[in-house]
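One structure, as structure tokens, below. Some questions next.
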Amino acid sequence: MPESAALIFAVGVLNAMTPILLTAVGEIIAERAGVVNIGLEGIIMIGAMAATMAAEGFGPLAGLLAGIGVGALLGLLHAVLTAYLKGDHVIPGIGVNTLALGLVPFMLIVYWGSAGQHTVPRYAQVPKIAGYISPMPFIAILIAVAAWYILFKTPTGLKLRSVGENPVAADTVGILVERTQAVAVVVGAALAGLAGAFMSIDWLGVLTKEIAAGRGFIALALVVFSNWNPLWALGGALLFGTFDSLSQWLKVLHTGIPDTLINTLPYVVTLIAVAGVLGRVQPPRHAGIPYRRE
Amino acid sequence: MAAPETGREPVVSMRDIVKIYPDGTVALRGVNLDIYPGEVLGLLGENGAGKTTLMKILAGFLKPTSGYILLRGRRVVWHSAAEALRHGIGMVHQHLSLVPVFTAYENIILGLPSRMLAGARQRIEKLMEETGLEVPLDEVVELLSFGEQQRVEILRMLFRNVDVLILDEPTTNLTPNETETLFNAIRKLKQQGKSIVFITHKLREVLEITDRIVVMRRGRVVGELPRAMADPRLLARMMVGREVLMRVEKPPAKPGEVVLRVENLWVKRDIGTWGVRGVSFEIRAGEIFGIAGVEGNGQAELVEAITGLRRVERGKIYFLGRDVTNLGPAELYRMGMAHVPEDRRSTGLIMDMNVVENSILGLHRWERFLRNKWGMLNWAAAEEHAKELVKKYEIAAPGLYSPVKYLSGGNQQKLLLGREISKNPKLIVAAQPTRGLDVAATEYVRRMLVALRNQGHAVLLVSSDTDEVMQLSDRIAVMYRGRFVVVTRPEEVTEEKLGLYMGGIEQA
Amino acid sequence: MTVTAGNSLLERLRRDPRMHEAVLRFGESIIALVIGLTIGAVILWVSGYSPGEAYYYLFQSSLLDTYGLTSTLSFATPVLLTGLTFAIGARAGLFNIGAEGQLYMGALGATLLAWLAMHVPLLDSPLGTLVGLLLGAALGAGLALIAAMLRVYRGVHEVVSTIMLNWIAYWLVYYLQSQKLYWPKDPTKSIPVPPGARLPLLLPGTELSASFLIAIGFTVFTYYLLWHMVHGYELRASGLSPRAARYAGIDPNRSIMLAFVLGGVAAGLAGAGEVMGRPPHYAITSGLSNLVNMGFDGITVALIGANHPLGMIPAAIFIGALNAGSRAMQAFAGVPLEMVRIVEGVIIIALAVPGILHMIEEYLRRKRELREIAAKEAEASQAG
């Protein structure tokens, strides 16, 4: 492989890694605080859409912020329903995913007047280093490392994890269970929104009606696969990114290996992992269970 | 009021505390309590006397229905346990509230602001040295023994500089050595001027470690005395008390053939330690065999093993002459066993199912409730059955199709008991059958059990209410640490004496 | 004393707790539908459409017009079945969101029949219909069984396992459709089911096939099973309290298995019914485009119908109407048909708010009881 081709391949891997990594790290933060959010797919999609709108009006930075902001809002909605109203954790996520499946194609037609996809103009795209390297993958890696550090090396992380493991214990020593959960979910969903923004106004440069293409669910798989650890998620996301790029290359090279079957791999691996075949993964013990007092 | 050292102000005073739980249970009926600095206060009473509820209110886990708390003379209202903790009141529960996957160190510092973390490790180590409460700080808590976990909780409280440390039944799961370590630590803390409230129903411990003893019964303080004036007999009598209940009339027993025979039974608890350690007995038709004892001494495991809900590790159970060791509940019910479990709300009934549905729980596969072999239910028969129960046992329910969660505790228990009796059983296993019931319902249930015995059913009664066991049983066993310490007859023993057996002070 | 008819009906509603519960649940679903349609109207209005016009065409074309009504019922069919998948699971205390993948497997079963029929002409007949439905049910149940076993033997939570299995099924069926079972004449779809083995249309010229009857039949069966058969009783008991179930001699794990397998059969039948009963394709189209989201829509149906089979029939018709009417809404009011998904999403989110009416009622009840008890205590202490 010529040097430039290798570089292009590496950039491809990094780009493919980024949305999955951001989303998975966000969900790890939320689930470590005990809240499960399966609406990530929808948040990525709506984040991508909002980012495109904002970027076309106010530039790429505004676009990224819009992705984060919309993600945070959807996270807040989830937090209100789960942490404060003690509702079920899974249903709102299904709702958000369904909403996104309607909202994004609807807005493509209504706002951009195009059915199916809209190309983001150059001025609205995140500027690239050396013409084709985005800064975002490096920011995502930084975020993953920072999330790991905060979760496992600081008192704040200790508090957050205690809420997901045993909210009674956390409550007893004065940790505000609901508020901790709300903050974690909002931050987590904001990262998924950022992932969406990256996809539309950076990596792909196009907003399509199925832009997430299952990445929200791959991220969910990665959360489990990584044993709720952002550093493992980084490794896993790199692996997925490599597969993703490789399958693009394989398609180009006509090797005859069906990429549709390769696509099942992350899910199969995750199922094997949760079944305890590859050693044990240990979810936060109170994840997904509403916390009620007395 | 018998203040131990006159002239000293109490650190905490509780005044006129009343607590009514949302389900209607009255736990405290106007309690006053003072706690002085530098004393170990023993809070003594049977299960359900209200000791834990009272202390949970003091530590901010529960809000009183009425009454108030004075902290150093100033009135305080807790909005959370954390607030009480910040003001120097900490409670170590029977069920520890630690984060199992965190290390001991992490559990101790959890929730503290960062400014308090500088040098935390050294200070914890110093604390461990001072009190003798040693734990491996970097070990994950779930890998520690129960005793070590308890020390972590106590250290967590001490590290936050509590003035009042409440320990709820702290010795239940401790080995004798661990108990000794704990007691030594308590003595040292007392010397530092801290107040320790020691909740227990073990007479021996209360006499060994406390300075002053407050006895509670049925939601009231019924006595208070310095340790020097206390003796086991007096305490046992205060604790058990005279019930206001009418005595249940009981003709002499006419025991028939052996219904249940248990031989050298060994059963494990959930946590893997032995709960029942070699118990043997038999029950005959037409007699009530009562098992008394403080809860947590293996009675629950024994009941579950007999009723097919828990694995028997060693030994045999014979029911109606047949070896039924490790047979499932469905089969046992069919043979003629009935079970009134100790937790009716989560085990004996299904709160979200209605009266009719609950009235056939466990009998639902009996021919009379099935229409055909395909398993079609005969709801008409079930409704008829429920109606009969409601009428016969005077169950007050909003309707046959109301979820049973809307019935009062007494009516729930009548429904449960009625359903079990409707199995026309040879043996009824009744665990804590009157717990949490009001006087009328308690009496009703007790009469019922005696009536069953008079009709020739065998009854196994497990209760931590000594008076109940004394009144109802034809033969009594006292269970302590997984064994029967004595098997006797009510006329051959006094309640006091029974209390001493239960407290592990006397052995037969 | 005079009692008007209205009063006695109200009285009955208040008295019979089952009726009372049904009314509360119905009220909560209606609130959610109103919220969904209202937010949808706001979005339409902001986007420059007339909400009145859009909703008129949406419901006029789907409910008030004969062809539209058959179309509504045909769209209600698969989501009613996948709704049952979720509802049966919920009654057993499970959160089975695997209907999507199980439906794909059901469609694959019908497609396998089509492939078999190419080699075995005998199957181009009602016998083939039966074989196709059985294959679909078996494959749907098979996928569900994996989740069931992971739960029972390895303690894997079903939300995680079913999400993974959904995607595995998606890519597997995608692969088979595009690489192995494609129709040589038109590779964008799979081998179509031969005419003799198709599910007959109930009304010629419409899309409403006998699969609708299968769905209704399965719904009634589920109702009977849950409330009139001992297995359903045991399943519900396990779902409400596994501890009490064990006490009553019921094995909760058996209930879990039963719920998963039955749910898998329902979703499998939904998928097979779509392939064997819906003109014009009678096949799986590229990217599974004629199947996607039918499983997830079932969750909406189950939530609106309060996990009660009989309540889910109107809920399925509502969702069916949204899908059927969306085309007319697009054609005549110019509103993109994706609008209905927005409405649906908002409805689900509104349903995620834990029972508003129940919460209000519970609060009032508790307040009243506490007052009564306090009064009784005060009386007692005065007397003593």
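A, B and C label the chains in the order they appear, each numbered from 1.
Here, contacts are C-beta pairs under 8 Å (C-beta built on N, C-alpha and C of every residue); 3 or more make two chains touch, one makes a residue touch a chain.
Everything quoted here is computed from the prediction, not taken from an experiment.
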Chain contact graph, described as a line, ring, star, complete graph or other shape: complete
Pair joined by more contacting C-beta pairs (A-C or B-C): A-C
Identifier of the chain whose CA centre is least distant from the whole-structure CA centre: C
Inter-centroid spacing, subunit B versus subunit A (mean Cα positions, whole Å): 48
Geometric centre distance via CA averages, subunit C-subunit A, whole Å: 28
Whole-Å separation of chain centres (CA-atom averages), subunit B against subunit C: 45
For subunit B, residues contacting two or more additional chains: 22
Touching residues on subunit B, where the partner in the complex is subunit A: 22, 62, 80-83, 85-86, 97-102, 106-107, 109-112, 114, 117, 156
Complex contacts: residues of subunit A adjacent to subunit C: 36, 38, 42, 77, 81, 85-88, 90-92, 94-103, 105-106, 109-110, 209, 214, 217, 220-221, 224, 258, 260-261, 263-264, 267-268, 270-271, 274-276, 283, 288
For the subunit B and subunit C complex, residues of the former touching the latter: 18, 20, 22, 24, 26, 29-30, 65, 308-309, 328-331, 333, 339, 341, 346-354, 357, 361-362, 364-365, 370, 374-377, 379, 398-399, 401-403, 406
Sites on subunit A touched by subunit B in the complex: 155, 158-159, 161-162, 165-166, 168-175, 282, 285, 294
Residue ranges of subunit C in contact with subunit A within the complex: 43, 47-48, 95, 97, 150, 154, 156-157, 159-161, 163-168, 171-172, 174-175, 178-179, 293, 296, 299-300, 303, 336, 338-349, 351-354
